[in-house]
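Here subunit A shows up in two complexes: once beside subunit B, once beside subunit C.
The block that comes next holds the complex of A and B.
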């Protein structure tokens, strides 16, 4: 039985990567949307850990920590954009 | 424990690799049909590069998880060289539109992969699957950024402005 969480993680990651790459091309700026595509790649890694039923505890903890750092990065970008 | 870690890295990097290549292929296809004819150059070349590395990675997963043979080693060495050549040829043709730093970093990774493949054919490098999986993933992420940058630089406004600059 496949864990249903994998579909949620995979769909969310594909949507995030797809929308962020289209936004990069549309707005003509890579740096502004780079953290979003990294979040998509991290979600995809998480879905892989679930799918293959491998011991993912440390990887999950590390990816949660990375997600927190990227959230801070996005907040800093939004604040800088608002100041400009 | 070591084999579990190798499995984690190889399989999860394979899944991430497939997703990135699929999304990038979709972006390239939509951009190809959105653009005018004179702005389509380079998109097909990069599409061919993506397809070649996708086949290379499928073979790599098969070799690591199912069965390894001399023929598969030779085919993956050939595909690695072909992917490198197609990428470098397309990038050199449209050199003014791409990010130079990313361009010079990607062949370094791919030359490393070719060296590993040669070692495998010579039956020296048997325990280097993690290296190939991670290096291919990093090269794909760099290639993703390079191709997005190429699509941005080769959009209509930039072409018009560069033509005006050349005339003046």
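The block that comes next holds the complex of A and C.
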């Protein structure tokens, strides 16, 4: 049986990618919303990992660190956008 | 004195409730930690006791065997037997060849049954099948396959024999031809015969020929021939009542004598391998060969096991072997084989191991060598790659480095680690309390494990339930007391005076809130010598980035210790990355205060708040990573949604953000 989480992760990633692409087009600024698209792609990878039943432990740790970097990136964007 | 109306009287109730609740949480956390530590220590000590008892029993059993081997090693009877000349006995080769024939026939039949689509040509091309069909027998002997009807050979060690028609031997080797014919007619034959060799000479051989019950895909019925050279087998032509009596009296599986060259020259219970040489390739996997070379190397008594001697044996065996000398001259070796049922009975005893306790043996190659309590894994096949096994095998290395016996090292380790509870993931990935006991001579590890949840879960739940009742009662009492105190003060003091009862620092923190709570004119409230009262927003606005990081770090470190206190064993990469993300989330949240009021600002608070909340919830949840199946819908998804909503809110903020 296919793990139902695959659909949840895919739905989530589609929503995030769709929202961030819309924002990119609307604001005509790619860099501003790029980290959000990456988060969406990362969730896509998550679903692939579940589908192929790869050992999740190391991937989890790695994806958590990647999400941390993206959060940091978003923080820098927010500060830059409001202080310049 | 004007008694004040309104909310002051509730202030103490709320304050006491908050203090009580926080205190209660800390008390529960500490109780959880201390009680679980206490009961796991008790359970672990019990495991240490069980492992010591069992390893002692196994060592006693091995010592008893060692004692018997020593007696036999010095016995004149054994020495006399080993001095006898080696001869050949017909029954010896028959036992060995018949056993090999039984195995080859079974394997050939199984292979053809498993591959019903394979024709004779396919089988001839299959390397796998060739390996089964022409496997060695004795030193130079082998198996071969021929057509039961036409007597044409299809599989043979010597390429010149493939396609050879055995009907042509009617005149040259009539005895052998007769046996082939008998196999073709009756399905079975056996006997001694002469046969020509590649170098032109003639050898005396024994053969067993059996028609197999399955046909190839193209309908060919084959027979399996198993043959060996008579001269290869060497034995002592004498029975020993002395050895037979010892074997019977001690209920051993077998007693064997081995010549210095490695020939198994005597067996109390005749079985396959008798008369063969332990240096032959065919004997490499027999276990006896392993022990023979071990003894040859060390020149001392040696244990080896487990040995699986026959298909379908209920118990594997253990062998003990020792060299026999007379006046410095090596006469041979004495070997003792015993079934491992006695060891298994010691290991399988699950008294005091509750419902989930396991007790089993692994060997130096990390293979399971005794049955498990609930699972029917094959012994000598299933590897047990757990921390407990590693821990035990490390003991052997450490003991060797220190130059002491492994039992002494284990004892030393127990003393050194007193009070420490060893937790591992077992072969099923469950958290268990575990203790290893190394058994020095056969190089085994006795592993005793019990599920942590069973040890701690039940009693701890009861204990914590009681504590929760008590703490709830305590909080309720404190709240009631707070209410009465508040009531008393509200009647006794004017509102301006109440605030003066608190120290200056506390006033600084609570005055803005207190002022708003009282719905009074904040400007009229005296702040004493405290100076300007700082509001929450001002606090964050004035907080520099460096200080924000410090505040977040303090909270994160505090949370880390709380998690550590609760779980004891935490998964570091996940916790640390979670806490770092929490810090970034906190920085985002506090940065929100610096922005001017705008519609988009609430999205930043919401997004950062959700990310903070996600990490605070997720960090303790991740500690159950190994017990809850990863990607479990019910478990992970609610928090995942929180996380995604956080990201979407941040995205919304950036989209709507106007400086």
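Quick notes on this structure:
Simple rule for what comes next: the second predicted complex is superposed on the first by the 83 of 84 C-alpha atoms of A that agree within 3 Å, B and C clash if a C-alpha of one lies under 4 Å from a C-alpha of the other, contacts with A are read in each partner's own complex, and residues count from 1 in each chain.
Just so we're on the same page, a residue touches a chain if its C-beta (ideal position, glycine included) is under 8 Å from a C-beta of that chain, and two chains touch if they have at least 3 such contacts.
Note that this is a predicted model, so its numbers are computed, not measured.
Partners subunit B and subunit C fit side by side in the overlay (superposition on subunit A).
In the overlay built on the shared chain, the residue A:71 is in contact with subunit C alone; subunit B does not reach it. Subunit A has more of its residues touched by C than by the other of subunit B and subunit C. When the two structures are aligned on the shared chain, A:79 is found in touch with subunit C, with no touch to subunit B. Of the two partner chains, subunit B is the only one touched by A:48; subunit C is not.
Once both structures are overlaid on their shared chain A, subunit B and subunit C have a minimum Cα-Cα separation of 16 Å.
Annotation: subunit A residues 56 touch subunit B in one complex and subunit C in the other. Of all the residues in subunit A, the ones that touch subunit B in their complex are 10, 13-14, 17-18, 21-22, 24-25, 28-30, 37, 41, 44-45, 47-49, 51-52, 54-56, 59.
For subunit A in complex with subunit C, the residues that touch the partner chain are 3-5, 8, 12, 15-16, 19-20, 23, 26-27, 32-33, 36, 39, 43, 50, 56-57, 60-61, 64-65, 67-68, 71-72, 74-75, 77-79, 81-82. Taken in their complex, subunit B has these residues touching subunit A: 4, 7-8, 11-12, 14-16, 19-20, 22-24, 26-27, 30-31, 141, 144-145, 148-149, 151-152, 155. Within the complex formed with subunit A, the subunit C residues making contact are 573-574, 577-578, 580-581, 584-585, 587-588, 591, 594-595, 604, 611, 625, 630-631, 633, 636-637, 640-641, 644, 647-648, 650-651, 653-655, 657, 659.
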